[in-house]
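The following blocks contain the structures, represented as structure tokens.
Each of the two complexes below includes subunit A, the first together with subunit B, the second together with subunit C.
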Partner chain A sequence: MLQTAFNGLVTGIIIALPALAITLLFGVLKFPNFAVGSMMTVAAYMVYALNVQLGWPLLPATAVVAVAFGFICIALDYVTFRPLRDRGGITLMVASLGLGFVLENVARFAYGNAARSFAIELARPFRFFDIRMNREQMTAMVVATIAMALMYVLLTRMPVGRAMRAVADNPSLALVRGIDSASIIRWTWFITGVLLAVGGVLIGMDRALEPPMGTSYVIAVFSAAILGGLGSPLGAFVGALLIGLVSELATLVIPPNYRIGIPLCVIALVLIFRPQGIFGQMYIRR
Partner chain B sequence: MSTVVCFSAILALALNFQWGLGGMVNFGLAGFYALGAYSCALLMLKGGFNTFFAALGAMGIVALVCGLVALVTLRVTEEDYFAIVTLGVGEMLRLVALNEDWLTKGALGLTGIPRPLGELIPPPVYLYFMLALSVVLVAACVWVLGRLSRSPFGRVVRAVREDDVVAATLGKNVLWARVRIFAIGGALIGLAGSLHAFYFQYIDPTQFSTIVIAYAFMAVIAGGRGAHVGAVAGAAAVMLLLEGSRFAKELVPGLESDQLAAVRIIIIGIGLIMLLIYRPHGFMREYRLQVPLKHSPGQARPQPPKEAPT
Partner chain C sequence: MSEVFRVEGLHAGYGAGDILKGVDLCVATGSIVTIIGPNGSGKSTLVKTLAGLLRARQGEILLKGASIRDYTPPRRVHAGISYVPQEYNVFRNLTVLENLKIAREFMSGGRAKGPVVSDELVALFPELPSRFKALAGNLSGGQRQMLAFACALTVKPELLIMDEPSAGLSPKYMSDIFDCIKKVNDTGVSVLMVEQNAIEALRISDQCIVMATGRVRLCSDAASVLDMPDLQTLYLGDAASGHESLNRASAA
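Up next is the complex of A and B:
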């Protein structure tokens, strides 16, 4: 029970990163990006290339890829989403689906369907009152917590973060106040790229590297973001922890094959009882 | 081969109805397609129904599930959430097909699915019969959908797509209209699934992967959102192009079949994005009631209002 709860917490903290990425993007660009899963996959394979094929240690490899992937996301936005920006949310959503297909299959084309893993030495799991934690889980917790803390500082203390929140909150007002929305969009994509790259590596460490690895998390990630309230960074974090906990604990009751049903039920319940999520505000479109 | 084009044409018609006409994105298409094929097969194998009633039953079941999904989700929220829910439901349906061995035989799949009039028509001729049947059904679907979208209901549907608030203000029941659109689309998906089951006589969960969604979206975008004939033409073009690319294997040596499949999906994805950017209205126009306006001669169709930049 405790063990399951701990595993759930780790899963939750891993999906917190992509959930935060989705929620930031949604806040600024107002569309749900279905390509997040494949983006994580591609970033994880890039780290794999540096880590396994070139023999770099995992940490510098992840750092380099995270920055590079930030720029890749800006480039992807430039060719895919920017031309469609004023066409409304549904078009952007479908475009993100297409982008997801492309990215996932680029990874499949390059590395095939076989599962792979990073070059990390195996370590004996570490015990703490009856809870078994392995090295990967500890790393995931530490890395994700640091990333979250940095994001918090960025969003609340730094001019860029404040500008991002301003654009998310009220784009016209932000524009009137002289905030350059194009540069804010670039920043948002960059941060998204970094978060997704780190998230992808953590997923790859926790499970294995295979082309559908990122996509299989999409529903959980979205339900975390929706539970927390789409557009609310703190909500994404709390939502992710809750989703991770609930879906692991639920495997005590339901067959693990249907784990994905839990986030789905959570989405349904949230939509019925509190559509704005825990921390979100009701917003009226148009 | 051409029979398969017909199934995807029906799928494209369904998606076109749900998305093109109704403005509701269905990312769970593959799952609903599987639901259609499995319900049809199971109604015959376990329920002992004949082929006609099994197909009808499959249409009813998929329509019901789609309607329920729409009812629960759209009661409270906007399209963004709806896409996520359909994605999730589609995935769940696939998982059920994969894991409930007692019902669906899991990954082994269901075999020996009977065919309509299978005993009467000898196997060599059967392929042609199946093709003819599918073509007739596609034509019937186009006709029915064409009638529907020209009917008052069709106008309500488009009004809801363009601006649900205005439609609601005019006293239209937005939720009910959306539920009906989605359910009708579901019935078509069920029909396509049944044909799939009849044609292959064997179904397993791997036949209903994401590539089904990619094909259908590509077909609808290429054909022009809202244009039924366009969706059929789009489906035919996409299927022929992409299935034709199977033969490219001989042209490009050194590619494994996994890689070739990946390249195919990459092409679809890029094509999808390029079409959205450069040809947003596809290659055929949606039917619109055109009234020549007195005030602006020469401009029969007012420009659609641009959405507010976000």
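Up next is the complex of A and C:
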């Protein structure tokens, strides 16, 4: 039970980063980006190229790719979403589905369908009471916690973070408060790229690298963001932990193969009983 | 008196039709100009166009003699125009202090120095410091309006544009807001406001502009408009259909 709960916590922390990326993008650009899974996959393969093919240690490889992927996301926005920005959220969502399909197949074209893994030294698991923690899990928890703390500082203490929240809150008021929304959109994509790159690496450490690796997390990631309240960064974090915990604990009573159904059930229940999620606000169309 | 702001032949609107059909006005430096008119006369469309939220289709907008017609809203802010919308005028999910910080950081284009909230601002809005940590969305309507007003003043603007500053306020806040506008104006800030509460607004104004059907139908000094015995009729909507006072004034 404790071990299962710990595993759930790790899963939750891993999906917290892409959930935060989704919720930031949704807050600022008002569309659900279904390409997050494939974006994580591509970023993870980029890290694989530096780590395995060029022999870089995993940490600097991840850092370099995270920054590079931030710029790649700005470029992807420029060619994919920006021309469609005035067409509304549904159009952008469909575009994100298409982009995800393209990106996943770019990864497949480059590296094939075979499962791969990062070059990480094997290490003996660490035991704390009755909980067995392996090094990848510890790394995931530390990295994700640091990333979330940095995001908190960015969003609450730095002008660009406050501006992102302001644009998410009221875009037209943000304009007349002197905020250049185009610049904030670029920042949002950059941060999204960094979060997705780190998230992709954590997923790649947790399981094998393969083209559908990111896509297989999309439902869990979206259910975390929806449970927490789309647009709420704190909600994304709490929602991710809850989804991770519930999904793992559910395997105590249902066969593990059906675990994927848990986030779907959570989405259904949230949409029925609290559509705005735990920390979200009711969206009023006006 | 020199003029800080001028609009010439302004056309703007939504969809195919124009709502503003050739608006001309000017604001003298250091003055308060109030725009009144019936519902649907284009007042709010005009201030949105002046703030840059709606594209001007034709005409010219000049701030201190320089055209700002093609400026984006942030660039207009940096040029010296502060705009206070009628509603949704604060970031509801941010605290009062965060609202003020954003205004200070971005309205100045990053050039602001000194404290986020100056002593002058605290003197104008003494309630603000005690509410710094409150979410703006949890404030009362009057407090939100005061916060929006304070945000617009974190950087001293050349021209303050306000869209119905007293809308939905209790009598106490209504009186306070007009007092504040007058005090701000006394510091040298020119003010252009749209207001339904015509009598209160005109009492502190230098000039009055009456709009109807997307055009300026009357531009006169505020005192003489206040003296018109049938101001209420004028304000409520007969302006467009040839009201006696209006026609008299227009002819003059």
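Note that the second predicted complex is superposed on the first by the 285 of 286 C-alpha atoms of A that agree within 3 Å, B and C clash if a C-alpha of one lies under 4 Å from a C-alpha of the other, contacts with A are read in each partner's own complex, and residues count from 1 in each chain.
In the analysis below, contacts are C-beta pairs under 8 Å (C-beta built on N, C-alpha and C of every residue); 3 or more make two chains touch, one makes a residue touch a chain.
Given the structure is predicted, the values throughout are model-derived calculations rather than measurements.
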item: Clash or fit, subunit B versus subunit C on superposed subunit A; value: fit
item: Partner chain(s) touched by A:31 [first = subunit B, second = subunit C, both, neither]; value: first
item: First (subunit B), second (subunit C), both or neither touched by A:179; value: second
item: Superposition-derived angle with apex at the Cα centre of subunit A and sides reaching subunit B and subunit C, degrees in steps of 10; value: 90
item: Subunit B versus subunit C as contact partner of A:163, first or second or both or neither; value: second
item: Of subunit B and subunit C, the chain that contacts the larger number of subunit A residues; value: B
item: Touched partner set for A:102, first subunit B, second subunit C, both or neither; value: first
item: Which superposed partner A:85 touches (first subunit B, second subunit C, both, neither); value: first
item: Per-pair minimum CA distance [subunit C against subunit B, superposed on A] in Å; value: 7
item: Subunit B and subunit C footprints on subunit A, overlapping residues; value: none
item: Residue numbers on subunit C that touch subunit A, as the complex places them; value: 51-53, 72-74, 77-78, 83, 85, 88-94, 98, 101-103, 105-109, 151
item: Complex interface listing, subunit B residues touching subunit A; value: 19, 23, 25, 27, 72-73, 75-81, 83-85, 87-89, 91-92, 95, 98-99, 163, 165, 210, 213-214, 217, 221, 256, 258-259, 261-263, 265-266, 268-270, 272-273, 276-277, 280, 306-310
item: Residues on subunit A engaged by subunit B in the complex (per definition of touch); value: 26, 29-32, 34, 80, 83-91, 93-95, 97-102, 104-106, 108-109, 112-113, 171, 218-219, 222-223, 226, 230, 255, 257-258, 260-261, 263-264, 267-268, 271-272, 275, 285-286
item: Subunit A residues within the subunit C interface of the complex; value: 159, 162-163, 165-166, 168-170, 172-180, 281
